[in-house]
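Presented below are the structures under discussion, each in the form of structure tokens.
The following pair of complexes shares a single chain, chain A, combined with chain B in the former and chain C in the latter.
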Partner chain A sequence: MKDSLVLLSRILAHPDSRCWFLAWNPAGTLLASCGGDRSVRIWGREGDSWVCRSVLCEGHQRTVRKVAWSPCGNYLASASFDATTCIWKKNEDDFECVTTLEGHENEVKSVAWAPSGNLLATCSRDKSVWVWEVDEEDEYECVSVLNSHTQDVKHVVWHPSQELLASASYDDTVKLYREEEDDWVCCATLEGHESTVWSLAFDPSGQRLASCSDDRTVRIWRQYLPGNEQGVACSGSEASWKCVCTLSGFHSRTIYDVAWCQLTGALATACGDDAIRVFEEDPGSDPQQPTFSLTAHVPQAHSQDVNCVAWNPKERGLLASCSDDGELAFWKYQPSEGI
Partner chain B sequence: MAGDQDMFDAVVMADERFHGEGYLEGYEEGSSLGIIEGRRHGTLHGAKVGSEIGCYQGFAFAWRGLLHGCTTERDSKKMKVLEALIGMIQKFPYDDPTYDKLHEDLDRIRGKFKQLCSLLNVQPDFKISAEGSGLSF
Partner chain C sequence: MASPFSGALQLTDLDDFIAPSQDCIKPMKVDRRPGSGVAKIHIEDDGSYFQVSQDGGMKKLEKAKISLDDCLACSGCVTSAETVLITQQSHEELRKVLGANKVSAAPDQQKLVVISVSPQSRASLAVRFQLNPTDTARKLTAFFKKIGAHYVFDTAFSRNFSLLESQREFVRRFRGQANPEQALPVLTSACPGWICYAEKTHGSTLLPHISTARSPQQVMGSLVKDFFAQQQRLTPDKVYHVTVMPCYDKKLEASRPDFFSQEHQTRDVDCVITTGEVSKLLEEEGVSLAELEPAPLDSLCSSASAQEPTSHRGGGSGGYLEHVFRHAAQELFGIHVTEVTYRPLRNKDLQEVILEREGQVLLHFAAAYGFRNIQNLVQKLKRGRCPYHYVEVMACPAGCLNGGGQLKAPDTPGKELLQQVERLYGLVRTEAPEDAAGVQELYECWLQGAGSERAGRLLHTSYHAVEKAGSGLSIRW
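So, the complex of A and B:
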């Protein structure tokens, strides 16, 4: 198992600072990183190594906590503790800040683009989730301010194919939102975690959602539509989500991030115990009660908390990770036969 | 004999009896003080909520007047959100503190107000002062 996840290279991406988050562009050719040094860096491959192609350091006054690429790959959004979200437009190797979204009362914790490219979501310590619409002229307009969570909202992520938004919070819940008659509403609350939910990831089909928490578990939730064969109760025409699997006993500290590979279905986790783990669904397991097995575990992946793991969207098995120690690492995941 | 027992009974149970009487007295006094404090708290809290919503309403009415007659598509979006906010405020049940969706509706009103401010490009900066003459949310 220890050969399954192999280190390819390590870079000190944000010296003397934390590296908070990583995002691959849709083409899988660039990696954006952001950190406590208030900058965003863009990394590109040159032969076998990764080099810094651009540094975006003028955008924020405080830590940049998350970055996200637009589905077309031409824009990058950066969410910062300075309460703003910058939208950068890519022009070859140059990035220009075209808009700054304001409105949150304090630290913006996450930003995510909808697959359509027309919607953007942000969330903050002010407990709200904002949905923004962008038009052809790069004008951003707030279409909804959602106050459903009762605490700091840590992460937002969009469903891969539906206009469905998910958020994770310090209030131990995951909430789902969709548009209903010109306004956005909270259509489901997933309860079960016993502590802060730090991150979320949808599976490639969008039928399942993985959440990771300070309670040291990963939960897998499955969507059940009204009239489903399994007899899962739904209220009215609303889909309901049920926890179908809980991965516990694998992580010894808070799990800060979870990433579901869109190519292979492998699930990677970033943990406060400095380790990276990969899980795979057991072949033939019951879809209503799936089981996952640990297929890779690197105990000292970094010298401090691992904050983020990100699967390359085009290259199978290529995983990037980053840590409080400011480093960014690249890994090759190759599950051995017979697991 | 029976008389002796009663006398001792009274002495032996005196402690417990005094505790009981004291408790009842204290409970009654506490209850009435609690009601007074609760009423004061309710009045203050109700006033805070009322002034917050009143502020949003005044803000919305003022902007409705300012935007009156504007016809661009952008302006009609603003009007739509404005009217939605006014509608929510008017539907809010002011005379029913036991309304089960009170906090939910309040949060929706706050969210709509924030969205409106974002569209109008105004920063709401109502500040509270100790005397309560300002407003802060």
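So, the complex of A and C:
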């Protein structure tokens, strides 16, 4: 099993600092990393190795916690503890900060672009989730301020094809939001985790959502539409989400990130026990009660907490990870059963 | 429990207004008994505390309560400010005062209890009890007097002053645009959720734009504690002024140091209760508003006596945009506007109004309700891209009729309920503030003229940017 995930290379991306997050651009050719050194770095491939193409260090006054590429690949958003979110525009190898989104009361924890490219979501320790709209002139306006969570909101992610937003919080819940008339509303609350929910990932179809938590489990939630065959109760015309699988007993510490490969369906996790794990759904498992098996486990993937795992969107099996030790690592995932 | 304060106030982090201090100064009543030794505390399953004395006897201990007054007098509290401010105790405080009045025979201990009801709260109660606004006003008067209040007023009366001052101020600022201190746009000041947010964030950017006119609640404070008290030959501290408001943020407004008279050691508004708290009072008395015999309405001065409430045009949040727009159109451009046309923008809480002549925009006003629209307005202002001359800003989506303290109906969806409240609010006859009975008289007799020093002091206020806390205790780890 250990051989399924092989180290390709390691880079000290953010020396003397933590590397907090990684994001592949939609083309899979560039990797953005961000860290406690307040910078964002863009990595590109040169032959077999990865080199730093740009350093964006003038944007933030504090740790950069997350980065996210726009669906078109021309913009990069960076969310920072300085309470702002910068939008960078890509010009060849150069990135220019075109606007700074302000308004959150304190640390911005996450940022995510909607599949349409017109909407952006941010969330913060101030317990709120904001939805922003960008117009033709690259002007951003706040469309909604959602105060559904009762604690720090750690992560936001959009559904792969619909304008459905999910958020994860220190209040142990996952919430889903959609647009209703001229505002956004919380349409579902997923309860079940026993501690902070750190991250979220939708599966390629968008029908399932994976969440990972300080309670050391990964939960898989499935969407049930009204009138579904399985007889899962729905409230009015609202879809409901049910936890259909819980992966417990695999992680010995907090799970900080979960990533669902859009090409293969493999699920990778980043854990506070310094390990990276990969799970795959058992072939033939019941969609209403899926089972997942551990197909890869690298115990000392990094020398400290693994903060993020990210699957390359174009190259099967290429996984990037980063850690509190400031390092960025690239891995090749080759499941032995040849999927 | 979800916070009852407006969205803007929630995000504002009240802890910045009330910073923690080293000691809690809440005076503790300690029963000192000789030779008691060390006390043991036993906690029951239901969470109540019992002191166990040496002989085994148990004495139930009282829960320490902190009222809004205590908290603000203290300058701080070690617990989260917000949860302390959520006070169901305000209507209890009123009860205490009414109770003390009944018990105390000495005339110098008695307080004259005055209750000022907002038209928005009245509309909410009208819907609940299925009454028209006039009957609601009269029956509320009867109810409050039944429980011990002496006078019941309508804040629509004090709103006349807020509107007139706002109109005058805008025209002055528009004309004096060359002067950098006369900043445009002018932003309204009646909403305390908005004011607290503005003082906390971007204080230096926003405060110069905010109208200095007091809100109707605080103008009523001046009217009751200065004019009315004098009329009754009482010092202001002998008058206990309660207001009935559609939101909780108004409690914070009443507690501002600017509205505390150092000379008389009394606040302009002593207690704010929400519409919901009035409903509680009615329940506690076992009374349905509909059953009460209506009482005649009180008025602040004889020339203002009417047996029907009056209101103002321009929506349920006071009508600032409407009044300032029409007045400015007339004063500045000689244009008489009969009907103000509101154009909705990106959402229904953002609207604009334009005065055009021969293709040229003369006045560009807007109404921005709700935190997201306030956000966008502030960002535009910061970047120097705000196209408006005047903006009516309210923290609550749909405005004051939708305030956090308004009555809810378990079997009516919020939207429908709001429509009903809006309808009942709109049934009240409107009049222009300059025509309202008693207003001109008060400007002359009480204030000694519209632009006088007294008018400036009693009808206006100022704002203070909140410094980012430096105290180690307020750092969030």
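In this section, the second predicted complex is superposed on the first by the 337 of 339 C-alpha atoms of A that agree within 3 Å, B and C clash if a C-alpha of one lies under 4 Å from a C-alpha of the other, contacts with A are read in each partner's own complex, and residues count from 1 in each chain.
Throughout what follows, contacts are C-beta pairs under 8 Å (C-beta built on N, C-alpha and C of every residue); 3 or more make two chains touch, one makes a residue touch a chain.
Just so you know, these numbers come straight off a predicted model, no measurement behind them.
Undergrad: Could you check whether chain B and chain C clash or fit when both are placed on chain A?
TA: When both complexes are placed onto chain A, chain B and chain C end up clashing with one another.
Undergrad: For A:128, is the partner it touches chain B (first), chain C (second), both, or none of the two (neither)?
TA: both
Undergrad: Touching A:145, do we find chain B (first), chain C (second), both, or neither?
TA: The answer is both, since A:145 touches chain B and chain C.
Undergrad: In the superposed arrangement, which partner chain does A:103 touch: chain B (first), chain C (second), both, or neither?
TA: Touch partners of A:103: chain B and chain C.
Undergrad: What is the contact status of A:336 with respect to chain B (first) and chain C (second): first, second, both, or neither?
TA: neither
Undergrad: Contact-wise, after the overlay, does A:161 reach chain B, chain C, both or neither (first, second, both, neither)?
TA: Neither partner.
Undergrad: For the combined three-chain arrangement, which segment of chain C clashes with chain B: 165-173, 399-407, 435-443 or 453-461?
TA: So the stretch of chain C that bumps into chain B is 399-407.
Undergrad: Indicate the residue numbers of chain A shared between its chain B interface and its chain C interface, in ascending order.
TA: Dual-contact residues (chain A): 102-103, 128, 141-145, 147, 182-183.
Undergrad: Spell out the part of chain B that touches chain A in their complex, as residue ranges.
TA: Residues of chain B touching chain A: 77, 80, 84, 107-108, 110-112, 114-115, 117-119.
Undergrad: Where on chain C does chain A make contact in their complex?
TA: So the residues of chain C in touch with chain A come to 7, 10-13, 346-348, 371-372, 375-376, 378-379, 382, 397, 476.
Undergrad: If you look only at chain A, which of its residues touch chain C in the complex?
TA: My answer: residues 102-103, 105-106, 126, 128, 141-145, 147, 182-183.
Undergrad: Inside the complex, what are the residues of chain A that reach chain B?
TA: Spelled out, the residues of chain A in touch with chain B are 102-103, 128, 141-148, 182-183.
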